[in-house]
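Look at the two complexes coming up: chain A is in both, with chain B in one and chain C in the other.
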Partner chain A sequence: MNVNVKVKHGSRIQSFYLFFILVNIQTGTGIIGAPRYIYEQAKQDGWLSVIIAGLFVHFVVFMMFLTLKQYENTDIFGIQQDLFGKLIGKLLGTIFIIYIFASLLSVLINYIQIVQYFIHPILSPWLLSFLLLILVVYSVLGGIRVIVGVAFVFFVSTLYILFFLYHPLLEMDLHRFQPFFEASPMELMEGARATSYSLLGLEVVLFIYPFIDDKKKAQLPSQLGVAITALFLLLVTIISIGFMGRERLADSYWPILIFYKFISYEIIERFDLIVVTAWMMVVLPVMILLTWMMTYGMKRMYNIRQKKTLFIICFLLFIGGGLMKEQVMITNYTSYVGQIGFWLTFIYPIILYPLVRIKKALKKEGKN
Partner chain B sequence: MIRKRKRKQLAYEQPKTKNEVHFPLESEQTKQAIQEQLQNESSLIFKEVNVQDQTIVVCYISYLIEQTQVDSNLLAPLIDSKEKWTTTRLETNLPIGNGQQYDTIEQVCSQLIKGSVVVYIENEKSAITYSISKNERRSVEKPERESIVVGPQSAFSESLETNLNVVRSRVQSNELVTESFNIGARLPTEVRLVYLKSLANDEDVQTMRQRLNNLKIDDLEDASVLVQYIEDTNKTVFPLFYLTELVDRFSYGVSKGKIGVLVDGSPEAIVAPTTFWGFFESTEDVYFRWSVATFFRMLRFAAMFISFVLTPVYVAVVTYHYEVIPTNLLVTLGESRSQVPFPPILEVLFLELIIELLREAGARLPTKVGQTIGIVGGIVLGQAAVDAGLTSSVLIIVIAMSALASFTAPSYLMGSAVRVIRYPLILLAGLIGLVGVTFGICLLIIHLLKLKSLGRPYFLPVYPFIFKDLDNSLFRLPFSISNRRSIALNTKDPIRYQERKSKKPKDIEDWGE
Partner chain C sequence: MIRIVMTLCLVMLSLSGCVPGQQIEQLGIITSYGVDLLDEEEGTLDNTILYTQFDPEAPQPMQTIESTSSTYLDAISAANLKTSYKLVTGHISLKLFGKEMAEKGIMRLLSPHLRDAEEPANIYIAVGEPTAKEILMSKGITDVSKFLDQLFENNIREEILPKSNFMDFVHNVDDPGVDPIQPVITIKNDKPVIDQIGLFQQDQYVASISPDETFLVKLIIEDFRAGKREIILPRAPFDPFIQNDTDEQPKEDLYLTLDEIRSSADISLEDKKQLHYQVNVDLEARLMESSEPIKIDSDKVLNLLETEMSRKFEEQYEQLTNKLKELNVDPIGFGTHYNAETKHEDLTDEKWRELFPTTTINYNVNVNIIRHGVIE
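Right, the complex of A and B next:
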């Protein structure tokens, strides 16, 4: 395995798609449940936690790009091999891939659960995961360009969901934010950490970087993407706190869908149904991107055909999606993924940068 | 040119596998050889003229030839001549153009069946053919399948020559290339690749040329068949090349740097590459003011969306998600459905089937009867179905609307594709409700993202996203702003004309200078 990757021109993408990729992969299912967990930690000052988390994520992206710029055209696997050698590099890469599989599974089962709760209580999870995985396989087979296209088109065509937030936004009770700044710094930090599951997915930058055509311009769209995700989360948190208040927020797993439930018009009575079905278009790009990342990683490290990995992964997901049904199990599993993800996506890249610099310095010294 | 000549040689080399008959020949031998070659065609006229001690053979197939021309321009000067004829003199001294010399009987016969007269002086080395074919073909008429209100009203006919003629007269430029191909081993059909040399992307032209050259088939029925042979993939319901019978649509495409293909004997021409959005674009959009055109184009997109989403959503909502419908509407719906004994999906499939039958019957029947069928089907059947309690009246509106919407697509092929897609969506809706419909739509979008037309993404300019190309695909801007050709097409000259820029911004009242 070479540290640097050669990508042929036909499968490169323009840098501005990074914006859509990042917004998509971060939003996923996490945002639906996030306000509750943030509120649990930081109470009515939860919005402050989101801002802190957002700023931190900006920093992480910045560090990622600093690290990647040290190389010609590489990804996380190349960096790890360069730093730790073949064996440990592969081990770390495998851990990464297992973690991605875990987070992919969490997205799948969370969405299935939401559909079951809001639309079809008796719909078989096997059927739903089968349908979703058909779409995943079909688009991953199209290659990176189709995958990015799905992320882009689906993002644009689901933006309208955001528009209808004006309804709860206008009906917020501002008193619910008082008293301000009650939470201690520790609670704020815990709140910020509670956002981690809904902000996960940043690691995609470390995978997709070799495929970007104009790398010099890649930083800006990524930062913007991260900013927009954080803003979404901030908006949703503020509305959750202001619209729902303590009592209702504490006992709803999916606060966002709850306040969509209150929106109704002359032709649509229950808007949350529309949101839940349309959310498939938010979840799909996440699943597709994560699946692609895994197949790409396996090919990069072990030279396994991407199609092979794809089918194996989807088979495992199908089984996982069909078996995991218990609410408690899913919640626990998701929080585990969030915790592992926190270390792998947010802390690890920051550690990576000084290591790369040290390695470089050592190399220089060795030469001299 | 070199390419062309090479191909011609190839075409003539083919018959060499049989034993060829070469000139010079006696007149009787010539006659026998030609008759044998043409399987004793009974309308073969074989005339021997004796002038100045020479025997000249004139041969043609009577129904393919303009008889008066043969009499006055060929036979008369031939007989009246005071000098001896030679083959070169024949070529120069007869008042008919396009004389060509051939050495073998096979070549001569291939010209005969295209409507040529063969003139052969006994014992000469080659014979001469003159093309004076009679064109029993319909003239340039009004378009019938793609009717438009504003703009040029001429449609292609079955004759390649007429079609080339009308295209040339619309695209009057010496840069218009019409490369000729012969496709079909047993029954060759002439195919012309038409593009503007100074505009069309070389790579695209090369791709198209290669696909035509690589095509090894027995015979070619029509342009629509050719499309199926040379399309990027056939695993889709969507048309990937635009088939049009409108001359102005074709020439508009060519003048924008696209590539056209004309097929002999086909009243439709191919335009490539196209995008998904291009199929909802009518040439009328160019003739209308930009604001009106934009409205109509948006209307067509909306219509298409309605056409394949409305019925599935109805099925999904009525079967599984009553709670989405507001109470007032639910009462109306419930009342109209109270008499219906079937589940919504059966009801919908039943009505959709009626509509499809009506459409198919209307298309097959003569125009006059077809109208009656429309009235009988549309009004009588619909009303009766509601009265009989087989369907609800709300559903009739839904179905009629989606059927109407599918007819708004300017391309008949696209309209048909949309109608076909609806059925799987209805089934999905009936099986798993709105989730199924969303699944179907997702699958459709991913499918569209994967498609390619002549190697270029089908979903352009939405993905890959090209902001400047959104004009003239999703909507239309005034000509003062939209002065570019599509960037995605990679034409040789992307700018159509320089933008006019006013020197000074206008104030409300300006003093005259």
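Right, the complex of A and C next:
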């Protein structure tokens, strides 16, 4: 395995697509439940926690690009091999892939659960995971360009859901934010950490970097992408706190869907049904991107054909999606994924940069 | 190509069997649910369910069923035994609680709407006096559900009723330092009418206030956009301005109607220890009716009218506050203001019940008549 990757010109993508990729992969099922976990930690100052988390995410992306720029054209696997050698590099890469599988499974089972709660309680989870996975297989077989296209199309076609938030926004009670700044700095940090599950997915930058055509311009769209996700999260957190009230927010698993439930019009009485249905278009790009990352990783490290990994992964997901249906189990599992993801996605890339610099300095010394 | 199309057709055909369908002719769509307390000790409920169905062969589209149960969802199952239709709750628009039931607390019967994502959230909550059953079974109207639904909707739109749907109720129960107010429905001439507005302590019905008093509460908790209001002033100060008095009625009071009322109010906590509140209400309105022909030709008359009205409102507020303190209910939400101002101290409802009667509240109402019609 070479540290640097050669990518054919035909399968490269423009850097501005990174914006859609990042917004899509970050906005999965996490954002629906996040306000509650943030509120648990930071109470009515939760919005401050989201701002802190958003700034931190910007910093992480900045560090990622700084690390990647040290190399000619590489990804996380190349960097790891360069730093730690073949064996440990592969081990770390495998851990990364297992983690991505875990987070992909959490997205799938969370979405299935939401559909069961809001639309069809008796719908078989096997069927739903089968249908979703067919679409995943189809898109991933299409290659990187199709995947990026899906991310773009689905982002544009689901944006309208946001517009309807004006309704709960107008119904907010501003007293619920007072007294301001009651949370201690520790509680604010804990609140910021609680956002981690809903902001996961940044690591895609470390995977897709070799495929970007104009790498010099890649930083800006990525930063914009994470800024937009953080803004979405900020918006829903503010509405959740202002609209739901204290006890109700602390109790709700999916505060966002609860306030969509209160929206009704003459021609459509239950707006939450539309949101849950449309949310498939939010969840699918996440699943597609994560699956692609895994197949690509396996090919990079072990030279296994992408098609082969794809089918194995989807089979395992199908089993997982069908079997995991207990609410408590899903909640616990999701929070584990969030905790592991926090270290792998937000902390690990920051540690990586000084290591790369040290390694480079040592190499230079060795040459001299 | 044909093969792909065939597979697609096959998939679609087989998928459609995965979720059971519901034929609308076989459904009984519940529109209203009324509940009374049957046995206080055992907690059994006397349920009245109104439903509508689309069966062309049924004699009447609107049907009523009664059942006995201990929970809301079991009430539906018990009622299902008495009808050939499958009862569904997705379109319920009103939950009516008998007075006795409401006094015991109603949150337990609303919990499915919070817990079950399928249950609707846009429903009205009201109290039925004396019982919910009598109101839902009232003879004067064919479709009670529709009648009540429109009764609420129109009166809320006309700014006569305060916002009182499920969401407002739950928020007011949840938030410490504020209590819900919900309409009370009674029967007059065989028809349901809204007579009083019920005051709640948390989810327990305590007492009721008149629509006049409700106006005062609503003036503070919501901003009026185009309200109407009759006001009674003593006649004496206006004597010099009244001309051509022709009718023969006793002349102690002067009746005036304000309309297109626009208002804004703010509550400030002046003293956190002594719990001293200052409430400022600004009210802009048109004067459109007066029982005596007052000639409004100068600022003097208008100013006099405005100050007299302000004084009247302030008087009424004093009475209302005393009543609320005596009952120990806080529909205006002074407690939320207290909670918002105090750091590191979570207000609980019990604590606010202790504190609320000790508050002093000072009202300052500022009436501004911006128009007085096309005559002087």
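Side notes on the structure shown:
As a working rule, the second predicted complex is superposed on the first by the 368 of 368 C-alpha atoms of A that agree within 3 Å, B and C clash if a C-alpha of one lies under 4 Å from a C-alpha of the other, contacts with A are read in each partner's own complex, and residues count from 1 in each chain.
By definition in this document, contacts are C-beta pairs under 8 Å (C-beta built on N, C-alpha and C of every residue); 3 or more make two chains touch, one makes a residue touch a chain.
Values in this document were obtained by computation on a predicted structure and should not be read as measured data.
Of the two partner chains, chain B and chain C are each touched by A:264.
When the two structures are aligned on the shared chain, A:316 is found in touch with neither chain B nor chain C. Contact with neither chain B nor chain C is seen for A:55 once the two complexes are overlaid on the shared chain.
Looking at the shared chain after the overlay, A:149 reaches chain B, while chain C stays out of its contact range. In the superposed pair of complexes, A:361 makes contact with neither chain B nor chain C. Of the two partner chains, chain B is the only one that A:139 touches; chain C does not reach it. After overlaying the two complexes on the shared chain, residue contacts for A:274 are found with chain B alone; chain C is out of touch.
When the two structures are aligned on the shared chain, A:123 is found in touch with chain B and with chain C. Counting contacts as defined above, chain A residues 120, 123, 127, 131, 264, 269-270 meet chain B in one complex and chain C in the other. Every residue of chain C that touches chain A in the complex is listed here, in rising order: 15, 18-20, 90-91, 114, 117-118, 120-122, 167, 170-171, 174-176, 333, 336-337, 339-344.
Residues 320-321, 323-327, 329, 432-439, 442-443, 445-447, 449-450, 459, 462-465 of chain B touch chain A in their complex. Interface residues of chain A facing chain B in the complex, by the touch rule stated above, are 14, 16, 115, 119-120, 123, 127-128, 131-132, 134-135, 138-139, 142, 145-146, 149-150, 152-154, 157, 264-270, 273-274, 277-278, 280-281, 284. Of all the residues in chain A, the ones that touch chain C in their complex are 117-118, 120-124, 127, 131, 171, 173, 175-176, 178-179, 182, 245-248, 251, 254, 257-258, 261-262, 264, 269-270, 272.
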